[in-house]
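Right after this note come the structures.
One chain, chain A, links the two complexes that follow: it is found with chain B in the first and with chain C in the second.
The block that comes next holds the complex of A and B.
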């Protein structure tokens, strides 16, 4: 039995900002959903099911908010699923929705992810102490900084690589009207002079806290044939998980990330990702994760990822553009961040990315991760439908 | 031709009022071992894992990440999680098996209600702008539904008490409330203590397998002939609380009203011998029976249902597991399992399970 090919025919997102005080949570998600429907030239009646994702419910203080959002997302009378896989959730949510189409359970599915972080304080929402369990320290940066230091020690990368990533991503964001941070006066010197938060991670090498939502319309072959604009086709998708902490865990390059990428490449028939994949939108909440993930995803050998960054390969006009949208470093509504990566990959493959469109985008990887570098979700999308 | 997928194993904890001596992982692990032991499978043999739980019950963000320690996710596993009852985790796993990406799936869910005040916690599920600030609790909302049913002439208080007594007459060893339970005083009129579910901690797990793999793992697999779920509007003011159109639609889509082997049934009567309904409050069984057109010939909740044990996030998956286990044991040939979520049965899932002919 073969799977139904899955196409992305509609993409919508909100203008990501620090606080959307003008809309409710329902208003925020509806804005992204309506934009995705408009892009696909579909109406609510064309949607068979809704798959929604977000990170911890504590961020808005609403338990299982999909119950309250059913009306705003036109889900009444339809199936509605709520995914939560930590920071990777935006990617996982898209993959669960894609599975409904691939399994021929539904023809056209709305998938959406959001976070309205201004409703609370995300850093402390992530830092609730639990007796007898490992503390995550103050926010995610405190958890990940030692892993970055381990990478620097292992690879011998120069201290400046992180600032190069941040400088690139923040400049890419200037070309993306939906990005949260638009720092028109950004310079490399400013990034390097910004305050140290969690050594070696500086303020300008850290993701912001955003309010935002992202939505996609996924459909089958018949739906894609009716689409008004070129679809992006899913060529492979996978999720992998491993425990938070255990003896022998490689926190710098987790096995789950390697396995997940290998599964996606196998499905898509990719033998050499560096040659065959044209661009990557990956989850980089702290600048140094760009070289780390380049290695984990097989775009560079171990210890070599930083050289791609340093030599400009990952620039918007480089040979392997990374985070064309400005990335998580410029926009981070946590629950939506994974889906924004997936959506950016699809936008590029459709040739709809506007000013931050890369020239060659035949095959683009979208990547998300979450928890203590333990949950991974990825998809590879292309301009042409999968073979067979 | 769609793939045949079956429930091949089910395990659950005893549901207890409190499990403060155990973490969620410690509560979950014996159940995970029990389902794996039933099939002889090991974690590494499982193609896909999916779980359901709630951060709000655990009182911390990302609470499900620790449960992975109980699964033993090393080498890394293909895994997902829904912030819903485990019945919806089973639905996600079912779609995964349908695509052919996996042949077996482990589904689990758990909830510890004991650390907090469940009635207060559940108010946080409501519209955060217009309803949640008033803190209407889950029992009060269920009482509104019960009163609407009584006003409509669909039931009365003695009939509700009879439902509670019938459910708790179960021989289910995992039940929290069983046998003669006083019906008690009004909690919120017209609901008495006996009309409400016990508050408890518990976990459940199921293994799914496709095609021949299912027959290898289980002498009589419980084939999922159909499964579907539907949600209704959130605002109680726009719903008819005496009916459950989402349950009826899900049941139709799941094939509950079709005869075995796809023949069309007559007159909208479900062709099942057993129904496991996730009705935490007595009056909700009335709503569900009406929506599903269940007659007296159908055995409803032989497990005691949610009135005997209602571990949050696991009680819906347990309904599917209980229905499947009856088919495994040859006590049912075709069973309907139902799960619910949200205030007053807002969201509902229906699965139709069948055993091979005997």
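The block that comes next holds the complex of A and C.
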């Protein structure tokens, strides 16, 4: 028996900001969930199960928050699952929810991911003082900056590329009302003049710390037929993982990322992602990860990804727009960031992305990664249902 | 087998909580010696109040005051109170259904012993002398044999409401780095870097983990590596990290010790930060009493060829 096609019929986000002091965590997730229900014109009674994700519990200090959030998400008396795969969790949460629909376990599933970074300090949560170990000497950006230098060495990319990505994403964010950073006076010169925090990573080339939530309603064919607005259809989805550090790890282009993308393309019948995929929402917390992931995801040959960025291919009006929403560089509620990528890909496929809608969005990739390039999750969504 | 190391690990953080409208009113009420519940769609009163109906998922905002007196619905004796608990002498954990409420609140009951508490016992709130808008504004419950106290008519409107609290959390662990790390640390004490080789893929891990992360087999064969190594990649840190007493800028590098198949991380010194490069040959610099090398400095050897370390970035 073939899988049930999975449709995205409702999407909701909060306006992402540095600190939502006006709401509890429950109030935050509720807001995104209600917007997704409204978008789908459904009520709590229409939801068969809830799948929720967030990054490590230390990020808010609420252990097993899904227990406390069951009331806010109408999950009492229904199955409720919590997913955790570090920064990629928003993506893998959506895929777990999609699996429940594809397997015909449930007809309609609410999936949601969140982070309220203002309640804690993510850097603290990631660098506990483990006895006997040498403390991490460099902070989050310092962990990734040497990989960026390795990419530059391998690809020969000029050191100007990182600023181009940041300038593009921050301008795209101006067209997205939900994005955290709205830098109306952004210029390329300002990005280039921002301080080098972890050389080769500048301040303006790093992501903010945000409070926010993102929710989607996933449903089967019958649910899609009842939907008030065009659905996005899942054409392929996959997760892969590998250790954070191991002998032979390619931190610039991790094998797990390549394998994950290949699996998605196989499911969706994609032979040439550069030609057949119209736009990408990828997880870029530091600007240089755009060219790195373009290669890892097969949109460019090894060492060539930066040329797509430099030549404007990844601009909103380019041939392969990347991070039309402004991306993680403009909005980073960590646990939600992966789901925002997946949801923004679906918004594009539905033609519902508003000012940051791209003209051609027949097939759009949503991508997330987390840990030290340890977890990968991706889905490809389209305007038309998969051919069976 | 040598003794395996262990040490205390304390994880603590002052988490902040944005309360939202319902918890804000509830905690502000406690500050004013008022206990608030919330009315559900089907007319029940939940104390403590919640933001969303556990049955219908409706948003709940209809706050009602309940009495400071109530009835014990069940209890458990706590014979040895721990740090941070409401009382420092033995007490009963009680669930109390306050008069006017349909659900029970968890708190402490101050009685001399387990014989003095029973399900059905009448109790009342003992307010803390100093109140700030926290559950600890209720110091505890105490036995009460008077008439039920009529609740006031508060609906949760207060001047200067509490909108956020700090919830300090602390976890106490005993951490042990395990056999492989202990052996590594013992060797470090003699300024030697000793890793372990995987019997399957032959890769040498420094520090060793006791198992190979790719082959999934135990590693036992000890291999001394270094002391020299190669900077495979790096960044220049220009911002001061909290709790780190290092002058910026400094170089944070991946260093492949000679003979190791995975780079470790360390600081580069003894050379201006802007002259550090991929391929630079370095060696550890020790300071007295330190468990790990303080930093790595150039050896003066010619730079390593990129092809010799490109798999170790």
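To be clear about the criterion, the second predicted complex is superposed on the first by the 379 of 388 C-alpha atoms of A that agree within 3 Å, B and C clash if a C-alpha of one lies under 4 Å from a C-alpha of the other, contacts with A are read in each partner's own complex, and residues count from 1 in each chain.
The definition used in the following text is that a residue touches a chain if its C-beta (ideal position, glycine included) is under 8 Å from a C-beta of that chain, and two chains touch if they have at least 3 such contacts.
Bear in mind the structure is a predicted one, so any value in this text is a computation, not a measurement.
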Which superposed partner A:61 touches (first chain B, second chain C, both, neither): both
Which of chain B and chain C A:261 touches, first, second, both or neither: neither
Chain B versus chain C as contact partner of A:126, first or second or both or neither: first
Partner chain in contact with A:104 - chain B first, chain C second, else both or neither: first
Partner chain(s) touched by A:198 [first = chain B, second = chain C, both, neither]: second
Partner chain in contact with A:368 - chain B first, chain C second, else both or neither: neither
Chain B versus chain C as contact partner of A:112, first or second or both or neither: neither
Touched partner set for A:79, first chain B, second chain C, both or neither: first
Partner chain in contact with A:23 - chain B first, chain C second, else both or neither: second
Shared chain A contacts, counted only where both chain B and chain C touch the same residue: 24-25, 58, 60-61, 70-71, 76, 125, 128, 130, 132-133, 243, 246
Chain A contact footprint on chain C (complex, rising order): 5, 7-9, 11, 13, 15-21, 23, 50-57, 59, 163-164, 167, 169, 175, 177, 181, 185, 201, 203-205, 213-214, 232-239, 241, 243-244, 246, 249, 252-254, 261-262, 265-267, 278, 291-292, 306, 310-311, 313
Sites on chain A touched by chain B in the complex: 1-3, 24-25, 55-71, 75-86, 92, 95-96, 99-100, 102-105, 125-126, 128, 130, 132-133, 238-244, 246, 254-256, 259-260, 263, 371-372, 374-375
Interfacial residue positions of chain B with respect to chain A in the complex: 1-3, 23, 49, 54-56, 59-62, 64-66, 68-69, 73-84, 88, 91-92, 95-96, 98-101, 121-122, 124-129, 132, 228-235, 245-246, 249, 341-343, 346-347
Residues on chain A engaged by chain C in the complex (per definition of touch): 19-27, 30, 44, 58, 60-61, 70-74, 76, 116, 118-121, 124-125, 128-139, 141-142, 145-150, 153-154, 195-201, 243, 245-249, 251-252
